[in-house]
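Report on one structure; see the data block that follows.
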Amino acid sequence: MEPLTSLKPLLAVLVSLGVVPILISSRSPNVREAWTFGAAGLKFLIVLSMLPAVLEGRELVCTLAQVLPGVAFRLRVDALGMLFALVASSLWITTSAYSIGYMRGLKEHGQTRYFCFFALALSATIGVAFSANLFTLYLFYEMLSFATYPLVTHHQDAKARHSGRKYLLYIVGGSIGLVLPAMVLAYHLSGTLEFSGQGFLPHSGSPILLGVLLFMFLFGFAKAAIMPVHAWLPAAMVAPTPVSALLHAVAVVKVGVFCILRVLTEVFGLDLLASLHLGTAVAYVAAFTIIAASLIALTQDELKRLLAFSTIGQLSYIVLGAALLSPKGLMGGMIHIAMHAFGKITLFFCAGAIFVATGKKNLSEMAGIGKRMPVTMAAFFIGALSIIGIPPGGGFLSKWYLVLGALEADQFPLLVVILVSSLLNAAYFMPIVYRAFFVGSRETTLPDTVSEAPIFCVAPLVVTALISLVLFFYPQPFLDLAELAVQTLIGGTGK
Amino acid sequence: MIWQLDLLILILVVLCGIGAIMIRDLLGTAILFGAYSFMMCLLWAIMGAVDVAFTEASVGAGVSTVFFVATVYHTTRRTKD
Amino acid sequence: MKNLGLLIVVLVGAVLIYATTDFPPFGDPESPASLHVSPRYLENSLEETAVPNVVTSVLVDYRGLDTMFETTVVFAAGVACFLLLRVPRRRTPAPRQYRHRLTGLTFRIKDGGEISLPLQEFEPMESIWTPHDFIIEKVCCYLIPFIQLFGLFVIAHGHHSPGGGFQGGVILGASIILLSLSHDLRTALKRMGEKTSALFSTFGVLIYAGTGALCLLLGYNFLDYQALDPLLPGGPVMARYHGILLVEVGVGMAVMGTMIWIFRNLASRGRHEEGL
Amino acid sequence: MDDFFLGCGLFLVGLMFLSLYRGIFGPTVLDRMIGVNAIGAKTTVLLILIGVLYHRLDMFVDIALAYAMLNFIAVLAAARYFQKRKGLDEELY
Amino acid sequence: MVIAVIVVVCLVAGLIFFAGGTLGLLRFPDFYTRLHPAGKLDTSGALLVLLGLAVYQLFPLTLGSVLTGLKLMLIVVFIFLASPTATHAIVDAGFRAGLESWKKGDPRR
Amino acid sequence: MEEVLRLVVERYNYWIYITLMMIGLYALIAKNNLVKKIVGMNIFQTAVILFYVSIGVKKGATIPIIEHNYDMAHQAIRAADYVNPLPHVLMLTAIVVSVATLGVALAITIMVYHRYLTLEEDEILKQIRES
Amino acid sequence: MSQYYPALLIAIPLLAALFISASGWLRPALCFPLALTALGGSLLVSLGLLSNVIRGIPDVYLFGGWPPPWGIYYRVDHLSALVLAVVSIVGFVNLIAARPAVEKEFPEKAAPFYTLYVLFVTGLLGMVITGDAFNLYVLLEIAAITGYALIALGKGRAPLSSLHYIFMGTIGACFYLLGVGYLYIITGSLNMEDIARLLPPLYESKVVTVAFVILMVGIWLKMGFFPLHAWLPNAYTHAPSPVSSLVAPLMTKVMVYVMIRMVLTVFTVDYAFLVLKLNDAVVWLAVIAIVAGSLLALAEKDVKRMLTFIVVAEVGYMVGGFWLGNRAGFIGAVLHLVNDALMTLCLFLAVGNIVYAKGNSQWDSLPGLFRTMPWTMGALVVGALSIIGVPPTCGFFSKWYLLLGAIQGGHYGFLAALLFSSLVSVVLFFRIFEISYFEPFGASHGPDHGEDGPAGREAPLGMLVPLWMTALGLVLLGLYTGEIVDRVIRHAVPGMML
Amino acid sequence: MKKNAPEQPKLDLPPIEEGKGSASPYVATFIIMLGVWCLLSGRFDAFHLGLGVLSSALVSYFSADLLFSGPLTGRTLRMAFGFLGYLPWLLYQIMLAALHLLYLSFHPRMLELIDPQVIRFRSRLKSDVAQVTFANSITLTPGTITIYVNFHRDFSVHAIDRFSGEGLPGEMERRIARAFGEE
């Protein structure tokens, strides 16, 4: 099927970009937030409007400029990108709502700046999702890095400065020091950067070079937080919670993982990876990350840091899924993007809501909080279920596919890793829920005045929690998309 | 070209140049630099470059030495090397 | 620094000497430089421009563009000295001055100001003090008109004998410099004000560039003096001849004005008071 | 005759060497001025001699004339230096 | 031939003057005394040499050569105007600079 | 040996130009006084001019002003009789440029002096470092 | 009309400079409009030349009507047309931005300032377009002398720095002149193409080798290539801000162009890359230049001074890229020449605004700038991203080509140096952003805390508009890289490199 | 440029602009200049002569007042002839004294012969021209150099030995006075 030429992808990217000048110029907070909402809704609608065509198996393409020979500034909507864009744009709406509640609740400074860069970050995220080649991907990836810096360092204090430095060091250092040369090398080898289902790297390249290339990409996209380059993520938790939520659930980290997915599947291609046994290597790196991150998470006391380490582990599931090189594994990885996003964002929202309502960050201070904030903690429970992969949560589906994939690829050690890590997940989430609800009132250190957070905070987390649930029962759009994506990659041999 | 004169004057030029940068007095440097430009003028004339010689004569005698002296006048004669 | 300097000097010298061995011998009439481009100038200059001084014809006509920019360089130097040194005139009354005996520095004390330094190291100075030496003044008075005439002569006869606009201009400028040296800068300024000299230098270059532009307007190439044929008598060759003269006058004016300008700013440190 | 003129020229150059001794080693600046002034006077004559040797005296005479006129200016400027800043003997010579 | 003799005599005399001037410049004991030979023997020498050359180049006698000869004389005139003035300027400068004069019996400086 | 001697003798002008240039360069690099440096710079420029003018020299040739009768009826001109005029033209320009540079450099020197009251580079740098 | 473009390109600013100078004495108010008109005119002409070249109309202009080896001629090809456009754009944009600063710092000297400004641009334009090796020297001196004067106008240490610049610049120019002389002595010609025609039989001559070396050393001195860069940082730092934003983007770039022109047209690529085989050595020099420039920049605590060291590093990019001797490297070098001119312009303009508002660009004066001067800092961010090499801005693309060239040429040292310098640039700029972003009172939370912040105001509109024009230009240039390479630079690549 | 210069102390400069108002200095300068031009130029076609006329006019416009500080009278002409009559004697004196100096500088025991001294005397010459001629003549005749002349016409002369200084002011002053009609 030939691709459709359409301006919609560009529009989807530009909506939030275009809203930035308006945000800067408007003085009234209400107008500003109305515009933010409007843009978020519009973006979601645009993305949604492309869904039918994508589901039909067609691609939407928008070429803007031929910047280098064989490399264009081009946007393309395919199933995988659509999946990611759908997740990101839908979550922008809820996050916007949540941001309003959170920012106003805490009377944060620099809200205009905050919303501007938020919009920019979203724009970049959609751009990454829709990019048709490595160059465009890199462009939006960098844009995202720089747009999130002011968000991470929003508090503008010494701690923020420190983590901002760490953030930049890892992210930008990885992208310029590793991804850029890798890209140039890839271009040098193949003369193009255009994604294709079979990968564009020539199979004739020297295996060592290709291996080095792969790992340059893997660690260069440091946003994916594969283990040696993960340290920025916990540090970046100094950001306001909505930022952390978006950053760690959707935008930044998912972008990193998404990039790695793209590289594995459409730069190298599954055949090439399989023939060089590189997939296994990646899978073991991911497996190590999963286990190590979960173990570290067990020791954390600060809720957000715990969530951060949990994220590190969960992200590696996705990488692992792709690295299995089996159709089921790929599907599992792709769906996990969506499932983890909704689950994790719920958890972050909860953490933020708790902070807004009580000002507490640490787990040890939250005993009995479930009685004071039942809605929040219920949502937390659902999110946790989803992350662990227990049936009513959407996460179960993705884990299921991952397990299948591992079986398909005959990788029993990896199967064990997945299962063990699920147990570990449960081990660090369940005590929280337990201590929130089933603890005696005398152990509670919370004052009596504490109640639910403002409605703008609570409503979004309820919504995302519900979606997490719904996805278990009706995962159809995401499943279809992932299936489509896998089909194009494997060439219809998926099922 | 008259090579005997040429050679002698060339040696003079070199001596003048060395002298101009070795003297521990800026006014002396300026003056010797004037002599240097006389020599240069002669040299050009010997090599048949009359126009260049003319220019060097007018510039060296009329202008550049005066500029140097004016500068030294407004600054100092003292120098350590 | 000295050792480094010696090292660099020896290195560069060695490189240059290394190349010398492949030069054609000094004064060789068969060297490539003498055979390739220059013979045409020598052989055709008289026919094409009616100028026997080949240097002039090459300078102003064949390679006229270089000369235009050369004049511009001089002009730029004049403007630069003006820009850097010129101090706008003050309205305050003439300040008292002291000179440091050891360094020769002059201190200027504004009216009402007090000097708090050890006074025995300083000696008071008049703010304008020029030794009145009428021998020099008188002799220079007699010399200057002749120098000026000679300068004009050099400009006008650049076609037939060595010389030309630049040399003549320098001589003209030197005559004014001589005036300000022998008398006083103010005397020279009365005779030729700062504005005049600046405008001289500007309009000199303007004559040159304007001639070029005029040729352009007349439908020929820039600086193709042949274009002046309709304006000047004597046919296209003589038009070149006269065009060259016109341009030389421009160069002379520019150089004269600029030399005076630079000298004044240097000699009085931009104050245009006493001068050297 | 040319050889004679050439000899004269060489002799003059030799004298210039001697004058340059004063120019470089003259104990005071003023001695240097005298030395250089003497060189200037010889230069004028030498220019004419070169013209004669080239058999194109009419071309060289202008240069010599310019020289005779302008040589004076440099000396005058240097002299002005002392005339205006009397007592400069305290400075290093 | 007569001309040649005149020219040679003039030139040789001029050169002797020049030589005397330079010698004096080197030998005389102080600044003021050095000025005497340097400033003036050179002037006389220049006069003689230029005179000789002017005579020499008068032949063949044409308008051009006469004019050139006159120009040479013009140079002499300028030298005679400028040189004493320059000498005067230098000696004045020396006086104002406070240079001590050499007295009989002092060592040479 | 004879060969070397011939090399030297035939090109003595070029050797002297290099000597002169090196004097200038040495002054520019190693001298401490700004005016000395400017003098060195000028010597350096003159050396280049000397080099160029040396290119133009031809043995047995006269100055590049063509001898002609005043009525313009001239015979064919032999280029070998006249010195190469092109280097002279170029060097006229170069001299002018060097004068212009000299003017600007001296003007700036005066500015420097009146800011630091010394012309010695090391003293100036010391002052800058101390302030 | 279009056949007169090369003459007009030079004549318009030159005449205008004279008129400006005259009007300074007669009608001072006219100076700025005249300068603006002049540079606008030459901008139009240079764009016209560029479009001519793209349409395939070659432009050769004989001055005085004399044919090439005898007269001087101007030649426009793809490379020079591109650089011409860049030079005139930078000159024009910076002129607009210069006005408020000039009126604030030296109002009474506006006329000579604009005169020298326009002459400087004239000199550079001439250097780019000329086809005669000696003419280039004269124009070089015009640009140099005006540059010296403009730089010396600054405060503090500026005159001394300018004097050092004069010394180094004169050595450089004299070396250039000497190199031309060496070529002349052996070929007897001064015309670039004529020399190129005469040279091949003489390739074995030592004279040609030494001429090449001298020329290169001279040009490197002028452009501030690493071991010869000592004059550059001081001169550019202490110059008045409108001057440093003029000289810093243009002078080095044009000298790089001259280097390319010399190698391409005069010596030909065959000689430079095949006979002499200097390329490896030069690329390693460039590597050292890049690394050293970046490291030296790290040590600075003044934004402007830091930028000057970045300029030193960028020179290494271009020289190295060119001497890689392959197509990608060449394109990268030329592209970087164009991009870097605009990047440096953007950065220096932004710093100029900071200096205008704060008096200096030391780190002490940075805190709170993101709030008081958001527009300036925004443009500074764009420029910084471009220097770092972040995609939508143009800096990425030239870096891309350079990297590609390094890989194709197998120069992994150069590759590493490029990446290293990019990373260092990140550190450099984010240090600045950090300082100006993290205000000293960052801990306080509240809707607004504008009252107790450091005082400061945004620069005037006259400075912001050109700044943002440049900043947007960076992005546009990046997006149109393909066009530029395809239409212009590709045609300038010498045959050997294809 | 601002016009109001600071108040200057009055200088005792000789007035320069006396010649203004009378045309004769201009004419005389023009004629002299044209004569010199012809001498310099050696080309007598209309074009070059035209240039000569132009140049002479320019020079006389610019600096006639330098050459002649007052209106021309018959006395000026007489002075010029007187001066010409004085020249041969001066030349003779120069040669004579030059020989003396030559003798001194070649003498092996020169240091014993010379005896530098400064002679001061007051001249009776009145006009500037005469004084300048006198001063320069003193300087030109070797052995003596005019050091300075002040407003009161006090001459300070440096003589290299007793012999050189003996004749001053003496005959030279008388001859100059006669030449310039001040007797």
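To keep things simple, chains are lettered A, B, C, D, E, F, G and H as they appear, and every chain counts its residues starting from 1.
Here is the rule we go by: contacts are C-beta pairs under 8 Å (C-beta built on N, C-alpha and C of every residue); 3 or more make two chains touch, one makes a residue touch a chain.
What you are looking at is a predicted structure, and each value in this text was computed from that prediction instead of being measured.
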item: Selected pair, greater C-beta contact count between C-D and B-F; value: B-F
item: Innermost chain by mean C-alpha position; value: G
item: Chain whose Cα centroid lies at the greatest distance from that of chain H; value: A
item: Centroid distance [mean C-alpha coordinates] between chain E and chain C, Å; value: 30
item: Distance from the mean Cα position of chain B to that of chain A, given in whole angstrom; value: 77
item: For chain D paired with chain G, centre-to-centre distance based on mean C-alpha positions, whole Å; value: 47
item: Per-residue overlap in chain C, given as positions that touch at least 2 other chains; value: 16, 21, 23, 27, 31, 33-34, 37-38, 41, 53, 55, 59, 63, 66, 70, 73, 76-77, 80-81, 84, 88, 103-105, 130-131, 133, 135-136, 139-140, 142-143, 146, 150, 154, 157, 160-163, 166-167, 171, 174, 177, 181, 195, 262, 266, 269, 276
item: Multi-partner residues of chain E (each touching 2 or more other chains); value: 21, 23, 35, 39, 43, 64, 67-68, 71, 74, 78, 81-83, 85, 88-89, 92, 96
item: Chain E contact footprint on chain C (complex, rising order); value: 131, 133, 135-136, 139-140, 142-143, 146
item: Chain C contact footprint on chain B (complex, rising order); value: 1, 3, 50-51, 53-55, 58-59, 61-63, 66-67, 69-71, 73-74, 76-78
item: For the chain A and chain G complex, residues of the former touching the latter; value: 64-69, 72-73, 106-109, 111, 135, 138-139, 142-143, 146, 150, 153, 155-158, 160-161, 164-165, 168, 172-173, 176-177, 180-181, 184-185, 187-188
item: Complex contact set, residues of chain D against chain C; value: 58-60, 62-63, 65-66, 69-70, 72-73, 76-77, 80-81, 83-85, 87-88, 90-91
item: Chain E to chain H touching residues, read off their complex; value: 16-17, 20-21, 23-24, 27-30, 32-33, 35-37, 39-41, 43-44, 63-64, 67-68, 70-71, 74, 80-81, 83-85, 87-88, 91-92, 95, 101-104, 108
